[in-house]
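Following are the structures in question.
What follows is subunit A paired twice: with subunit B in the first complex and subunit C in the second.
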Partner chain A sequence: MASRTSPLRSIGRAATPLLWIGPAIALIAVVVLWPVVVMIQSSFQRIGGEGYVVGYNGLDNFRTLFHEPYLSGVLLRTLVWTVGVVVVTMLISLALAQLFNQRFPGRRVARWALIIPWACSVMMTALIFRWALDRSAGVINVFLHDLGLVKLGSNHADWLGNPHWAMFWMMLVAVFVSLPFSTYAILSGLQGIPGDVYEAASLDGATSWRSYRHVTLPLLRPAILVATLINIINVFNSFPIIWEMTKGGPGYQTSTTTTYMVAIKQGNVGESASLSVINFALVIVIVIVYLATTKWKEQVDA
Partner chain B sequence: MKHKLTGRVAGAIALATATALALTGCGGSSSSGSGSDTLKLVVADYGTGPDNASSKFWQGIVDDFEKANPDIKVKVTSIPWTNFDQQVQTMVQNKQFPDITEGDYFSNYAQDGLLYKASDVLSKPDNLLPAFKDQGSYNGEQYGMPWTTSSRTLFYNKKIFADAGISDAPKTWADLQADAAKIKAKGETGFGLPLGAEEAQAESLLWMLGAGGGYQTDGKYTIDSAANVTAFTFLKNLVKAGDTEPNPGTVNRTDLWQQFAQGKVGMINGSPALIPIIQKAGVLQDSDWASVPIVGQNGPLDTTLGVCDNVAAFNANGHQAQIKKFLDFAYQDKYQLAFDKEYDLLPATTSAADALASDPIFGPFLTALPKSIQYPSDTSWANVKTKIQQTIGTAVTGDPKQVLGQLQQTATSAS
Partner chain C sequence: MSTTLTTATPSALVPPARPPRRRTGKTIAVTIAAYAVAVIFLLPYVEMVLVAGRPANELLDPTYFPQHFTFKNFTTLWSSGGLGGNIATSLEIAAGATLLVLIVALPAAYYTARRKFRGRTLFLLLVLATQMFQPAAMLVGLQREFTDFQLPSPTISLILIDAGFNMAFAVWILNAFFSSIPVELEEAAMVDGCSRVRAMFRITLPLAAPGIVTALIFTFISAWNEFLVALTLSLGSEPSKMPLTVAVNNFIGQYSIDWGHLFAASVIATVPVVILFALIERRVVGGLTAGAVK
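Right after this comes the complex of A and B.
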């Protein structure tokens, strides 16, 4: 008797979770996996100037891409951009989180204020900085002019026209918009550290710097790990800041792989798709290397 | 009761009339075979708002045309420029062919045999400006018919010139450099050089022409020719001396044209489209600026960059006779001139160009138009153009020879 009903019932029981996770799986399949398939497919296709798919052309897109004289510069810049922005963001976030973990009058307002760069659209922030850096009327330039540091309308005041200075300002904006998330991630980590460990440390005679290095930082590792990882992916893929402020120009001299990919798409969709595939692979490699070196499993499980 | 009766009587009369008309063949012919005599006219929208929308302009022509030809109806569809190419492609892919399009023109439609030749749908195809014939031709036959054109001249600010003690417009590169230096000394931008991604391919070509170069020679890319390197070496020195705005490789045309309109730039290469910008800014009076031929290395050029938008006639609906009637009607000088006045563009027919040649504002643009140079029209141009837009600006800060060489490499490996 029991054996007759149990297969059906056990299938039903096994399928019940599907009911709950099904929509999520469908969403991921349609929104995440399918575009990946199309991306890989396009990287092997010849696509005409008007967007028509002409046919498959094997590895030609990759070959064209690797022969681009600008590619090595773009890759190197992507490395500087990602490492620079993430390291600076994390260092400032650690300090900011420490500050916001203290009790001080107006802390609530200060914490709210930190959310603003996060709440604003990144494109808008980038636009505001672009205008603020305008060579003849930008507010930053007017300020620097009043301090006697730059002359309005001069070559020097045209920050975004000079590739090196443009990179500096764009990295500054990238740090600015990345700070809130990292700071809050670390702040929540800080709040999870029980007070008695500090008590024990001070009983052992640890200075505050020592207790920060040997108590706080180790206990913060999971939070720092997650924040760094998410930052790496975000900054590596960051598009709106560079696109709004310089479009990667002149001559790709301020392009990272993400903006370079969009720039070459206007002329050659297939080649752009092949760079997209490489970008995708790079992110996966970076994440695996990072997780392996930080032994994340021990950290997070512990 | 009475109402219903009159209604019925009226209906019966209408029916009878229709039948009679159909029998006598007066009610619009059905000879085309497709069962419909409505021409589908698809145009790009040149307007900046509802007041000067292109649909309104074309409807004006259509109303006149339908009055003169009551047996042919024309339905106007206007599409914003940004979607034009894509929507026409969709119509063709779905086999909902338009009869006539006006806007961008694709030679692949001619290649696929979808278009009527110009000589099939125009009584006087020779009246189209010959300079633009090659661009619309496939296998020696013209399919793309220029509808409106535009060309470049040098605009200069007479007020700034007077302040800087310059009496005449520049004729040679040496003049231009000397004038730009004097203007710079007065604190304004001497020469506006937009080599940013927006339209670097246009500005670059004008300077190449000035040295006797260009993108192609006899249909082959020669981007790194000696003449072109000379042109960019000159520009590099101009930039180094501070006679242009800072970092031209990052500055776009739209922004610089605005600055010229604000009276902040001494000289700039422009098209008729700059005129409404100057007028709208309200800083310069008509007498404060003038436009002269493009400055070349050794003297003013008798040629310039010319661009055109085209009419194409699709053959899928078999409306050749009706299309011919409509195009002959629409290509009259008065509509050509009205269109160009409305949108600050130039005519595309010889007769209309002649009629406008003495116009004080448009005259200078027209003199060089018949000898104008066009962009390359081969299939690799789209890719080459993108690369030029994105990288040629670095030729005035880096090594001109190297930058142009890389572009040449892209162009030749793509084709």
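Right after this comes the complex of A and C.
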């Protein structure tokens, strides 16, 4: 095949990769790329209640969206929700990873407990907390009542009826379900650090906190970065927790962009699509910033 | 852990890796702390089981434990709500998505691990994109596209969507496994007269079996637990044919919630996936992070 490369053959050679990766590309096209096109298209369309398209209406959907009285609150809350949950998750995960990296009897069993919120449907975990916060019989309220902090059945015990407390509890649930992945990601980072690094540090007389701060943390940087990125994406897009615990209410006072988008979809698909486009653009910005800071391309090419 | 790691790198220059046993006090403290954390992680799910086992007339008692534990909520699920149909739907979706991921991700992961071709980086970036963009971010597009397809039931749509968004995990983990298997093994088989595809099936796939199992279980669990797209596409479906995660929400009425049945169904939905997840626990992180750190 060296000297006589027929055109047919060279086409065949160029097409060989397609044979292997073609099915994957086709699936991505149908499930990821085309929906994006439809979504962007929908954001410029007037769409009737039954889902049929009435016609193009330019930027009207975006205008309607920007005039929604709840929008600024929703955007601000999305920021607080994402940053708050991710930061708290990462801090606790660093501590948990350090703990579960120690050797102690029954470590495997203890780690299994850690994975349950990860394996279980987030929606079901959210419902457990909704029940546990029930104002008259929820187990969290029963416990707080026994501690003398809350009176069962009182307004104070109706945590999810108060937008501020509802956000607090929902962020706590979001941290809870995010911890297993982050902890495991940092654990695997810890296990990748060669032991002689610590020996060198301890020979230099570093205390354990100093060697953690100056040896472990810098070496954990890649693991922390990836875990943070994946958490940001997950928490930003999170739907089941808020949907199951407050439906974003009362009003839209506990909605983030994702839940708000689903809520307004029933009334105005076009407007919901325009919010999705904004949501989507934000995710792209996050991912690009990430790819740039980690020099992703150089790594896959290597 | 540092002690185990140091034993793996013996050197004449460093002091004995395992320090003398002054650490028992620390080990006890660590053990207690770790078990306390484990209990905290378990508590919500213990409560799930306790509520599922509470008789209806005790539901509103402000007590930690039911006075009489009952399995009534579990047994009546099958007659009243028809949970069997929901489990069947969820099984179809999860098994379908898992099979599709296998068919699509296996060749892609193998080829990108073995060959450097034009467009490889672009392809891997595309795969990474599917991992980063979750269905929630493009829900309106998904709903309108798949409604336009007018498929007979949402099951096929959900299989495609769950497979599409979980494929990345399978590609990363399989890619890592294939890369770690020496090409020479396949070449030796090919010298013995195997074709490339045959060498892949006979030599490489068996060696990559742990990765394949991890990818399959992970996809299965994700599809089984998926909620938002299932909820969106199942609008108007018969309640007994809805996926399990959507059906569980049917216990939430406008004025009251049937917590006992809701959590009984949740327990049934959760137990199998927790067991499956425990099997792949140690490899999952690799699949989730490999794409972003490769």
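Just a few scattered comments:
Keep in mind that, in the parts below, the second predicted complex is superposed on the first by the 277 of 302 C-alpha atoms of A that agree within 3 Å, B and C clash if a C-alpha of one lies under 4 Å from a C-alpha of the other, contacts with A are read in each partner's own complex, and residues count from 1 in each chain.
In this section, contacts are C-beta pairs under 8 Å (C-beta built on N, C-alpha and C of every residue); 3 or more make two chains touch, one makes a residue touch a chain.
Note that the structure is a prediction, hence the values are computed from the model and not measured.
When both complexes are overlaid on chain A, the residue A:35 reaches subunit C alone and has no touch with subunit B. After overlaying the two complexes on the shared chain, residue contacts for A:249 are found with subunit B alone; subunit C is out of touch. By the touch criterion defined above, A:267 reaches subunit B but does not reach subunit C. By the touch criterion defined above, A:112 reaches subunit C but does not reach subunit B. Within the superposed three-chain arrangement, the count of touched residues of subunit A is higher for C, of the candidates subunit B and subunit C. Looking at the shared chain after the overlay, A:23 reaches subunit C, while subunit B stays out of its contact range. In the superposed pair of complexes, A:221 makes contact with neither subunit B nor subunit C. On subunit A, the surface touched by subunit B in one complex and the surface touched by subunit C in the other have residues 51 in common. Residue ranges on subunit B touching subunit A, taken from their complex, read 85-86, 89, 106, 195-197, 242, 246-247, 249-251, 379, 382-387, 390-394, 397-398, 403, 406, 413.
For subunit A in complex with subunit B, the touching residues are 48-51, 64, 67, 69-70, 135, 154-155, 157-158, 160-162, 246-253, 263-264, 266-268. Considering their complex, residues 1-9, 11, 14-15, 17, 27, 30-31, 33-35, 37-39, 41-42, 44-45, 47-48, 51, 59-64, 100, 103-105, 107-108, 110-112, 115, 117-121, 123-130, 132-134, 136-145, 147, 160-161, 163-165, 167, 171, 221, 224-225, 227-228, 232, 245, 248-249, 257, 259, 262-263, 266, 269-270, 273-274, 276-278, 281, 284-286, 288-289, 292-294 of subunit C touch subunit A. Contact residues of subunit A toward subunit C in the complex are 16-17, 19-21, 23-25, 27-28, 30-32, 34-40, 42, 51, 96, 99-107, 109-125, 127-129, 131-132, 136-137, 139, 141-143, 145, 152, 176, 179-181, 184-185, 187-188, 190-191, 193-196, 198-199, 203, 222-223, 226-227, 229-230, 233-234, 237-240, 244, 258, 261-262, 265, 269, 272-273, 276, 279-280, 283, 287, 290, 294, 296-297, 299-301.
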